[in-house]
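Each structure below is given as structure tokens.
Look for chain A in each of the two complexes below; its partner is chain B in the first and chain C in the second.
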Partner chain A sequence: MYLKLLISGLALGSFYAIIALGFSMIFGVTRVFNLAHGELLLAGGYVAYVACERFGLGFWPSVPISVLALILLGVILYRVFRAIKEPLELNTIVFTFGLVIALQNLFLIFFSADYRILTTPEWSTTIEIFNVSFTRGHLSMFLTAFISVSALYFVLRHTFWGKALRATIQDREAVGLLGIDVEKNSILAFLGGIALVGLAGPFFASFHYIHPTGGIEATLIAIIVTIVAGVGHVRAVIWAGWGMGLLENLVTTTLGAAFREGVTSLVLIAILLYKPCGLADNQ
Partner chain B sequence: MNRKSNLRLGLLVCILIISFVLAGCSRKPSHEFIRIGEIDPLTGKLARHGLEIHEGILLAIEETNLKGGIKGKNVELVTRDDQSLPEVAYGLVQELVQKEKVVAITGGYVDTLVAVISEAARKSEVPYVAAASLQEELTKTKNPYFFRISKLSGFLKPVERFLVEVIKPRKVGILYASTPGSTEFATKLVEFLKIKNIQVPFQEKFRTGISDFTPLIIKMTRYDLDFIISGGFLPDHLLLIRQLKQNNYPLKGYLGPWGIAYPSFVSQMKKDAELLCSTCAWNPGITLPGTEEVSREFVENFEKRFNKTPSTTNMHGYTAAMVIIDALKRTNLDNNNLKNDLRNAISATDLILPMEHVAFDQNGDPLNYEHVIIQIQNGRFVCVYPPERATGKLVYPITD
Partner chain C sequence: MKVITLTLRLHQRFFPKVLTVTGFILLLFLVPLLAIQSSFLLQVLSTSFLYAALSLSWNLLAYSGHISLGHAAFFGLGAYGSALFALNFDTDPFTSIWAGGLAGALLAAFSGILFARLRGAYFALATLALVEIPKMIADNWVSLTRGSLGLLNIPPFKLPLINANSNLTIYLVNLSSLTILLLVVALILNSRWGWALRALRQDEKVSMTIGINSNFYTLITISVSGFGAGICGAIFAHSIGIIEPGMVFSLHYSALPMVMALFGGRFSVIGPVVGSLVLTLLDQFVFQPIFPSGHQILYGLAIMITILFMPGGLMGLLGARKHGITGS
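The block that comes next holds the complex of A and B.
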């Protein structure tokens, strides 16, 4: 039983990590506090839903379509965000709050208030690895998160662009003085973050369900995981995501589902009291 | 700022105030119309159900106006969106009564919203007929202006009888949402099952909208449950059923009193919806005996107006609005104390509609609201209990 709990906790945590990574990258580099993060996730989910249910494509072909659609949307959004004046953090909160309402209404117009779920019957089948059975769904989620986070980690740690991006998160002005193109970094980080949201969207529509106002919770998860991990710390984001997924599962099994959010919130508050700048803080 | 500027500013403020007052006067309702207010969650978490109730109400009003209105006067619906937030709902009652001069209010979905609307209606002394409300506490407060067309026992009693008479389980698992109605439903059902010596080894409360049921499913596998009752709503069922299948849970029987008997649930779940049970007060094809013709007419009109099949929630909205329309027909519309007369007329309601024979007790609770048990068979809702209304045979257990 505990092994099953571990697997489902890691799958859930992987999902949390993917959505938080997008938020963390965008906020870290561009300073855009994107309250519409969950709505963008829903947009990805709706794109995948249309691709699967209306055009008969399978789940996996719908993933790159969702990623591409979100990148296109990201290009438009980035141009709009660039027009926002200082104080950027505060103004983007106000702007993205408006974006939340606009997107929710667009979803309502195009998809009605109905709950939608992506049908993936093949995900119920189980696979045995080393005498442990996984459902295809859990395994897909876990592997997707693991591969995307590993790839991102490699890029950020071992490429010039990645190092420049990390430096931009730490100090934009200093990086600019060193001759690094902060603007280019910002665009790439923004679109990279949006692409991650596009990747998570189809999984959200398949593991969860989508409806016009269903993005708020995803935004909250992204913000919580980012704060607990520390902005821009890729490894810490995945640890925080896994930690949260496992903790939620453990609390639900031992104390009951009614205690899930309460206990998780207490633990997160305790972490922030002990490490105010997040898990990755070395001070 | 000099004296002249102050004078100009004062003049500007005066003009603005006068403009607002005049604008308010021009919005005064025409005597050609009877205005009925509606408060529903049209956006926010409960938007889906709120919009369904709204469609039902709208159809009732439009049908009435097409037939010549009430005593020659057309009915005007003034709709307000409470955004699924109780604090918003409260203020809307005052606006509808004082500014829009409505004679009655209808709509409302879930008790957290209905409770505040009913309290505000009491203060404003305007009759309120709630379209969807369950909690027993709400009618115990003896609010003379509050009426509702649904109640908890309408769900609970048929489920209790169905379990004892048909399923005869040894062990039942109960999951329920942390809403007042669902919690009350689960508490009363557990008490009843204990009296009947049916074990309930698994009981779990969850927040509606929870993202993962897997830990609960893993926990459930410890017990060899004969039947699962889930007091969640449509999205909770979507997720729970999906995850039960993904975890290969050996499901013998499943009943969700809310959220399953909907065409949209079947269209989203496809084969996974097969053989699940639910309750419903009405559905196309499941109607109160003797109301088949009215029911068919409602379905036809609804499909023509909204281009989709009506659901039980649409019918709740329609029924609540029809109660007010029927009472208005029995009220002297020129009376100075119209709202009070209308309240008295509503309390004397005796109206047979497809969903129920509407009549109220002294607390405003419906006397005859009772669901039937349905099972999804080949994508259709088949009534399986009570025997006198059954249109098909129950398939139980599912795993056989």
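The block that comes next holds the complex of A and C.
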């Protein structure tokens, strides 16, 4: 029983780590405080839902479609975000709040308020590894998170481009003086972050029921994980993501699902009170 | 002598504006006589007055530079406070709305103290998270609030000579409260208090060195703002008659005041009122018929357009205040 909770908590946590990494990359290079993160995740989920349920594709083929769709959306969003004036953090938080409302209503127009889910019946079958039974769904989540996070870690730590990117997160102006193309780096990192959201979208739609207003909690969790871990710290994001996943599972089993959103909000407030400068501390 | 000329100049500057606004409000009080048949128009206008009052409360806080994404917390607590007071103590709605306002003010003061160190985006984020807490309590304290079943049979407003809970009663209640709130906000913003808020918005450190007590002004401002939002919630509860946690503690009531104040012009006293009238009419008469389910996309678009193209809102476009200072 506890082992099962641990596994599903860690699977949930891996999912949180992916979306938090997306948030962290977007914020790190563009300083855009993206409140619409959860809605972008929902957009990915809806794209995958259409690909699966309307066009009869399976779960895995729908993943690259969702990633591509979000990258296209990301190209437009990047241009718009660039046009926002100082004070950037406050203006982007207000702007993306508008984006939240706009996207929620677009989902309402196209998909109505119904709860929808990607049906993946084969995912509930279990596989035994070392006497521990995993469901296929959890296993795919682990593998996806493991592969994408280690790929990102490798790129950020061991390639020139990754180092330039981390330097960009730390100090844009100094990096520009060193002759690194900040603008190109920014757009690539932004699209990378968006692509991570596109990757997570189909998983979101197959683990949860998705509905037009179901994105805000994912946003709050991505922000919590990013603040705890610090912008651009890949390994810390994994730990914080797992911590959040386990906490959510613990709350759902002990207090009940009705308390989950409330506890998430309390955690966010507590963290903001502890770290009043939020993300700025971790530069 | 200097004082007299200054007063005179202020008078000349503000008098035409005050006259226009007063005339407009008087005109609005006459609308029911002209359009008594069109009850839909009355309903839409009443709604826009309620939203205008809510936006004015929101904007009072925004004048100090604090952008709140959580006024639904004060609105919802006002609705619950007033409804529970009226139901449990069997009082008239005109009495119980004060209890609702007080509930909103207390939560606002509490959050003002709790979030005193937070600024800008982080204050906004904290207020966004704040909404979930009274919602969680209202959802789970079933013996008091009946949880997600909600409160029913909340007593309606009654005015002499008018049928109880008719559109006309709600129209008059909403318009009167909007007028009173507009007067209060205008008085605050034209006093030392208001100028202290503007100074804090533009540069907090400099304001503090010239002796403006940042914590004190922020605290009283957020309390008054929460009181206004609480009163709005209370009026909403009594005019609808039914409330439940998901309805009043919703993103909708956090977003609306911000959208309307920003769109109307947050650097002007009557900007939020203009924004509410324009957006509500646009929503109900244009967007609602075209997109019956997702008509609120208008509000999202309005925020994005305002941030990108008109930081001063509609009033900024009209050139009501050309300071060249946009603040933060």
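Here is the rule we go by: the second predicted complex is superposed on the first by the 246 of 283 C-alpha atoms of A that agree within 3 Å, B and C clash if a C-alpha of one lies under 4 Å from a C-alpha of the other, contacts with A are read in each partner's own complex, and residues count from 1 in each chain.
The rule is simple: a residue touches a chain if its C-beta (ideal position, glycine included) is under 8 Å from a C-beta of that chain, and two chains touch if they have at least 3 such contacts.
Computed from a predicted structure; not experimentally measured.
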{"item": "Chain B versus chain C as contact partner of A:Val80, first or second or both or neither", "value": "second"}
{"item": "First (chain B), second (chain C), both or neither touched by A:Phe154", "value": "neither"}
{"item": "Partner chain(s) touched by A:Thr213 [first = chain B, second = chain C, both, neither]", "value": "both"}
{"item": "Which superposed partner A:Leu99 touches (first chain B, second chain C, both, neither)", "value": "second"}
{"item": "Touching partner for A:Thr126 - first (chain B), second (chain C), both, neither", "value": "first"}
{"item": "Which superposed partner A:Thr253 touches (first chain B, second chain C, both, neither)", "value": "first"}
{"item": "Contacts of A:Phe55 with chain B and chain C, given as first, second, both or neither", "value": "neither"}
{"item": "First (chain B), second (chain C), both or neither touched by A:Asp114", "value": "first"}
{"item": "Chain C-contacting residues of chain A that also contact chain B", "value": "104-105, 108, 112-113, 213, 258, 261"}
{"item": "Partner chain C, residues of chain A touching it in the complex", "value": "33, 35, 80, 83-85, 87, 89-95, 97-109, 112-113, 213, 216, 220, 223, 258-259, 261-262, 264-266, 268-269, 272-273, 276-278"}
{"item": "Interface residues, chain B side, partner chain A - complex", "value": "43-45, 47-48, 50-51, 178, 204-207, 209-212, 214-216, 218-219, 221-222, 234-235, 238-239, 242, 245-248, 264, 268-271"}
{"item": "Chain A residues touching chain B - in the complex, by the definition given at the top", "value": "1, 4-5, 8-9, 12, 104-105, 108, 112-117, 119, 121, 123-124, 126, 135, 137-138, 207-209, 211-213, 217, 248-250, 252-253, 256-258, 260-261"}
{"item": "Contact set on chain C toward chain A in their complex", "value": "67, 69, 114-115, 117-122, 124-126, 128-133, 135-136, 139-140, 251, 255, 258-259, 262, 291, 293-297, 299-304, 307-308, 311, 328"}
